[in-house]
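These are the structures, in structure tokens.
In the two complexes that follow, chain A is the common piece, with chain B as its partner first and chain C second.
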Partner chain A sequence: MATTATINITSSDLMPGSSLNVSANTTLTKAGVTADLDQKESGVIKLVTGTEYRLGPLATEMSGDAHDISSYLYICNNTTEDATYYVDWGINETMIGRLYAGDWMFIPWNASDDAAEIELEPQGGTNIIEYCFFNSDFILPTAAS
Partner chain B sequence: MATLIPTLTLSSSDATTDLLNFSVTDSLNITKAVISPSKVALSTGDLTLFAAASYTKSYVYLKNTDETIVMNFDFGSTLSIALAAGEFAFFPWESSQNLVATAASGTPFLEYAIFEA
Partner chain C sequence: MATTNASVTINSDISSYPITISKTMTMTKGANPSVGLEETTGLRTKKFTSDTAAVIVEADELTADAAHKVYIRNSSTSRANFFYVAYNASAAAAATAETIGKLYGGDWMLFPYNGSTNITVASSTTSETQFLEYMVFADGIVAAKG
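After this line comes the complex of A and B, so read on.
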């Protein structure tokens, strides 16, 4: 499953006399090797305010508690509402940033321990989130019965 | 005020039978501090790349320019982002916690930029 990610960051008016044009490209691979990733999950979800949600698996759900597994996360807030609508994103109860309408992010996520889960907390109203999650070893949790 | 336009493209011909090929872009108003793409050598010791007290809402770009060494990033305590060789990240940062960088070994070079909204 060869997946590539490319980013371009441009601006014509950020610095006088010098336009900004940054480009980077990477192939998503398993940790420490050049082998392609195996698994992918993507979708669109509605997040209602007042609740903190977990996106993606815990480390225990990836290859039998093997931490530091290569995982990549893309999130985009597809909400079209005003600036009072946004989603706080964080890891391990640490709020890191806010995704306003149209904002997106892409990170290689390190599930360094079970507490290092990806957390989303919508604000302002129902936010619509598009996400794509790539990793190598996601094991579904055992059913309760 | 300046406009920053980040674009991400994800593509794969064999991830699923449904071809993965999409791009997402944004238009961000940048009104405060900017550090344009710069380079710094990391080490196995903590480097506070961006101090929370120095910024407000910002957008952060990180790229590992090394060919082998992994770089780790945390926001306070928990290891959160690991950039393998050649990998990049782009995300909104609310500057509630310091962004701290370390190298798994050696002194690899990190390319970074920050754009304060």
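After this line comes the complex of A and C, so read on.
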């Protein structure tokens, strides 16, 4: 059950004296070991402006009481309506950056505490977000009796 | 105007139906998405022999609230060791606000960054040397004054 992630960054004119070609590949594994990750969650959502949204599971659902886990998150802003649209992304209401229409991001996420959810706040208009979590610790909420 | 493209390919057979994610983006300015990013810190390589937190991206050297992108790779090979990566002025640890995640040997990350707080890292080990590669694709660099 292998999951691999490859990146390639290229530019012939960002640094005119030296063409840029960065390439890396990694196999995503469980924390601290070489065993493959074995759970994932993915989806596509439309986010309208004016609200801050949690993306995917609660931090507690990702980790239970453990926290500080090994998981990975891919997010892509598939909005095509307007290139100026973006989502502010952050953790626990601390906004870290702007994911513009057409942009993608890939990060490790450790769900560091109960409040460390991944959060998105769309700007400009309705943003269409595609995402995928890869992990080994996802815990479903307990069903009500 | 420079053109910088970043492509990602993720393959996974966790599910019974394997998935492939493939996406390419051109890095552009926030205020003008039709113009490519023109500045960079360059690709840096840093050796870490202690677990003391260190700032690798200083927010005051970048235009605040802009459309920067940060690439970081743990170029070490051990899957037992990692770097904490945090959006924090000076700390990076398990529960630091806000630690983003743990970058194990061989792992990489690319994320949009607003340049409003430092990016800080800390190695998980003092017994093994780890290496980090990182680069900022900047939507405005504030040049240091002499």
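Going forward, the second predicted complex is superposed on the first by the 138 of 145 C-alpha atoms of A that agree within 3 Å, B and C clash if a C-alpha of one lies under 4 Å from a C-alpha of the other, contacts with A are read in each partner's own complex, and residues count from 1 in each chain.
As a convention for this text, contacts are C-beta pairs under 8 Å (C-beta built on N, C-alpha and C of every residue); 3 or more make two chains touch, one makes a residue touch a chain.
Here the structure is a predicted model, which is why all the values come from computation and not from measurement.
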{"item": "Comparing the two partners chain B and chain C, which touches a greater set of residues in chain A", "value": "C"}
{"item": "Which of chain B and chain C A:Thr84 touches, first, second, both or neither", "value": "second"}
{"item": "Partner chain(s) touched by A:Asp114 [first = chain B, second = chain C, both, neither]", "value": "neither"}
{"item": "Chain B versus chain C as contact partner of A:Lys40, first or second or both or neither", "value": "both"}
{"item": "First (chain B), second (chain C), both or neither touched by A:Tyr74", "value": "both"}
{"item": "Which superposed partner A:Val22 touches (first chain B, second chain C, both, neither)", "value": "both"}
{"item": "First (chain B), second (chain C), both or neither touched by A:Glu52", "value": "neither"}
{"item": "Intersection of the chain A residues that touch chain B with those that touch chain C", "value": "1-15, 20, 22, 24, 26, 29, 31-32, 40, 68, 70, 74, 76, 88-92, 94-100, 102-110, 112-113, 116, 132, 134"}
{"item": "Interfacial residue positions of chain B with respect to chain A in the complex", "value": "2-16, 20, 24, 26-28, 30, 34, 36-37, 57, 61, 63, 72, 75-84, 86-94, 96-97, 113, 115"}
{"item": "Touch list for chain A against partner chain B, complex", "value": "1-15, 20, 22, 24, 26, 29, 31-32, 40, 68, 70, 74, 76, 88-92, 94-100, 102-110, 112-113, 115-116, 132, 134"}
{"item": "Residues on chain A engaged by chain C in the complex (per definition of touch)", "value": "1-15, 20, 22, 24-29, 31-34, 36-40, 42, 67-68, 70-72, 74, 76, 83-84, 86, 88-92, 94-110, 112-113, 116, 132, 134"}
{"item": "Chain C - residues contacting chain A, complex", "value": "2-15, 19, 21, 23, 25-26, 28, 30, 33-34, 37-38, 40, 42-43, 67-69, 71, 73, 79-80, 82, 84-85, 87, 94-104, 106-114, 117, 135, 137"}
